[in-house]
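Chains: A, B and C, in written order; residue numbering restarts at 1 for each.
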Amino acid sequence: MNESISSGSEVGRDAIPRQYLSFLLEDEAYAVDILRVREIRVWEHVTPIPNTAAFIKGVINLRGTLVPIIDLRERFGLDPRPYGPRTVVLVLVVADAGQERTMGLVVDGVSNVCTLAPDLISPPPDFGGAVHAEFITGLATLEGRMLILLDSDRLLNLAEIYAVGQVQQQANLDASPPPPSGEGD
Amino acid sequence: MAKILTVDDSRSIRQMVSLTLRTAGYDVVEAADGVEALEYASRNSVDLAIIDVNMPRLDGIALTRKLRELANWRFTPILILTTESSQERKQEGRAAGATGWIVKPFDPDSLLATIRKVMR
Amino acid sequence: MTIDPRQFHQVFFEESFEGLEAMEQALLTATPGQVEAETINAIFRVAHTIKGGAATFGFERIAALAHRLETLLDQMRAGKRLLDEPAIELLLGGVDLIRAMIEGARQGIGIDDEAQVGYISRLEQAIKGEAISPTPLPSAVTARPEPAPKAPAPGWRIRFRPDPSILAHGNDVVLMFRELSGLGDFQVKADLSALPSLPELEVERCYLAWQAELRGAVERRAVEEVFEWVADESELEILPIQGRGLPQPAAPVTDEAVPSGAGEAVPAVAVPKAATLQEAVRRVAAEPGGSIRVSIEKVDALVDLVGELVITQSMLSRLKGAVVGELGERLVAGLNQLERHTRNLQDSVLGMRMLPIAFVFNRFPRMVRDLAAGLGKQVVLEVQGESTEIDKTVMEAIGDPLMHLVRNAIDHGLEQPQERRSAGKPAAGRLSLSARHRSGSIYVEVRDDGRGIDPAKILDAARAKGLLSGDAPVDAEAALNLLFHPGFSTAAEVSDISGRGVGLDVVNRNVRALGGSVGISSDLGRGTLFTLRLPLTLAILDGQLVQVGGSNYILPLEAIVETIRLEPARLSSLAHWLELYLLRDDYIPVIHLARLFQCREAACERPLVVIVGYEGHRVGLVVEQLLHQQQVVIKSLESNFWKVEGISAATILGDGTVGLILDISGLIQIAGRVLGETTGWRPHRTASSEARP
């Protein structure tokens, strides 16, 4: 099994080609391990969760399970786009602090499923695009186009989401403070 | 498949007997005491019964006696399970109509070896 | 070998714990010296079952101890000894020791040898006290056959004439011969000499005798074992063959040379796959008495599914007006039926999580007895309502708080007999535990008729601790409630003065975590009463849907005191989302939920204020609209998210969307915190603020 690890690459831990689901965000192509994808849904009504950052859109009912929904564009500070019929929610099952967690990710659109052999994947760059470099596990070229592979566990780490949310909320509060206390409204 | 009735008020012993027998390919019916067993026996026949002596409601000796009164149970092998290795208890069992006895503690292997003595 | 007895250990442990509990109950309720035979029998059977199991599963020391208890109980069964007070004490000690040993075995740790040795010698003395020596212990080692030494004889000559009744015992001569032929070269000849003439012949009797030769290296013991069950009623002769042509034995053949081990040929058994084994274990896990053990996860999965069904059903019921005519009527009839069945199904499924509170109460007779004895006090325990059913999760969580309250009552509440007598009370203190079900909650009471608690002393202590400032009058109830304050109970010297208070904050916290509450009332010199209000279940909630910021939220119905229209003139602002509202003659804090939750505030002409109460505190919640009331299935938001302030859980509403459940006690705390920061206000209890029961 080890013989086909491409030299110099730390990405190809085994030679078995894996499947990825690719999707679009700000006209860039990203992909996550398809084994993490529980299902793909069209955008639907979400119930907002109080006192959370704007990129946490709310929570939906997925056959009895409560699934929080994160907007990936807003998570990385891109301008919000109005949700349309092409807007999809990827429901991912991620490992977080030793347990499984189900979360939804709003992306601009899904492109397709692709199979990548490990030797086609090159190590992650030092810089990121819309998504910061620390969430990228590797890069691949598919049909002449660059595909950015994401670490979904890292991307949907609850502690990290919480921390980022706090910072964003604070920034919003500073930008537009609520009416000061004591004044009638 | 040969069918065996196991009667014991101890869940753990009953499970061990039962699983051991099932693993060896027997069909097993469980009863938790004498009354339950008698109720079943009055409507069903089996190829062997393994009965604990000490049980609430109806003990193993009394159960054996009652089983032997049933027409379909006259020749069915009945083994009694007893912790007492005393001759007295065994004789009591024999007198009630038991085919033989198994002395507790026993392990799964010796149980299987013993029941092969009475199963065709 | 193929079947490892260890897989049954867990069942053995559980069964033993259950048995010990039954034994303990029987001993505790027994009237010394006048115990009924059936009770002694029941106790005996527990010891007997544990002995059998322990020996079978290789727990020799447990088996040995159980055997001694059994011996003692056997003496009682035979009427040779009375089950009197000392004997009950001794047997209870045995229950404890076996329980500890089994617990030790379960966790793979040994337990204190000295305790065992000391107890066993006491037991031995008791047994010998009646001059009856114990029967020798069955050795647990016989569970493993010892390796058989080489057989000393070239073979055996067997003569066998069974009792004619042998067939009626289910014994089968053919099978015995089959077994013998498995041991060596076996030849048999029937002896028909005893066969009667045909008219006299009874078909169910056996008239035959046999002469046989078994050649090979076979132990005498192995041959004897084949005939073990019938030997006593049969003529049986087993003699060594003195023939030629076979190798001579290396040692002289004597009966004494036969080893006494239970050596037996062990036939091979097919190795089962692990999966089938587990499956089989699961299949046989059925319990007697028509009940089965199901994991709580499975029940909860069922609760979830039924919750989904309820939602589907309520979505369908919207179609009621959609079809007209005869078809429409049939649809309505069918939907009504579906609704009824769904509700019944939900009730049944939720009922599966319910257990009688006796499971918790049962541990107290023993504890009370031991504690009272240790303190030299006399206590009569009364238990009422033990069949009241309560959610399993709630039950597991209230065990410790209840234990704490009971211990406190005996330790601090009830007086010494002498002190009681001089106060004109009966020498024996009364402690009562009761449970009842009232309007969607379970009320559990722990009441004692002891010395009671002096509110004045509590106030002094609280002031000394800085928990209370100023000399403002505090009513007795508020003073007693200070006992639940965390700062109070950590002060050791305070507990000495008040006689109470140690760990009451923990009791309070645990019960509140369940969505319940603890109340206290005390009558100085006459006793103290603790009341625990607990939710009937943690799985469902009667909810009032309200609209806040355009979204639907659920308020627990039982928290709502009243709903009024908001009159802006009665508001005085404190903070962005918090105001004071003049309700009749009283100012109460009012939370603008939409502002607190930072949702865009929906334009609302006539907002409402829902007054909610919890633990005697009141706040008003400003909402846009009151919607319908509905029973909702509670789901944790935290399985995929974090705890959100002001939200206790979530549910799935009739249209399939998620609704968040408001956390009343959390909201009151938030309001109290902000109020405290801005005005120094503390949530306090007022007589008119009691939540709807």
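Everything that follows uses one rule, which is that contacts are C-beta pairs under 8 Å (C-beta built on N, C-alpha and C of every residue); 3 or more make two chains touch, one makes a residue touch a chain.
Every value quoted in this text rests on a predicted model; they were computed, and no experiment measured them.
More C-beta pairs touch across one of A-C and B-C than the other; that pair is B-C. With centres defined by CA atoms alone, the chain at the far end from chain B is A. For the pair chain A and chain B, the distance between mean C-alpha positions equals 63 Å.
In whole angstrom, the spacing between the mean C-alpha positions of chain A and chain C is 44. One simple way to say how far apart two chains are is to compare their mean CA positions; for chain B and chain C this gives 31 Å.
On the side of chain C, the complex with chain B involves touching residues 1-3, 5, 7-9, 11-12, 14-15, 41-42, 45, 48-49, 51-53, 55-57, 63, 135, 138, 140, 142-145, 167-172, 174-176, 179, 204, 226, 228-229, 232-233, 262, 264-267, 269-270, 272, 276-277, 280-281, 284-289. Residues 9-16, 18-20, 22-25, 28, 30, 32-33, 36, 52, 54-56, 68, 74-78, 83, 85-86, 91, 94, 97-101, 103-110, 112-113, 116-120 of chain B are the ones that touch chain C when the two sit in their complex.
Residues of chain A that touch chain C in their complex: 45-52, 58-61, 63-68, 101-103, 158, 162, 178-185.
Residues of chain C that touch chain A in their complex: 304-305, 307-308, 549, 551-552, 573-576, 595-599, 635-637, 639-642, 644-647, 650, 652, 656-660, 678.
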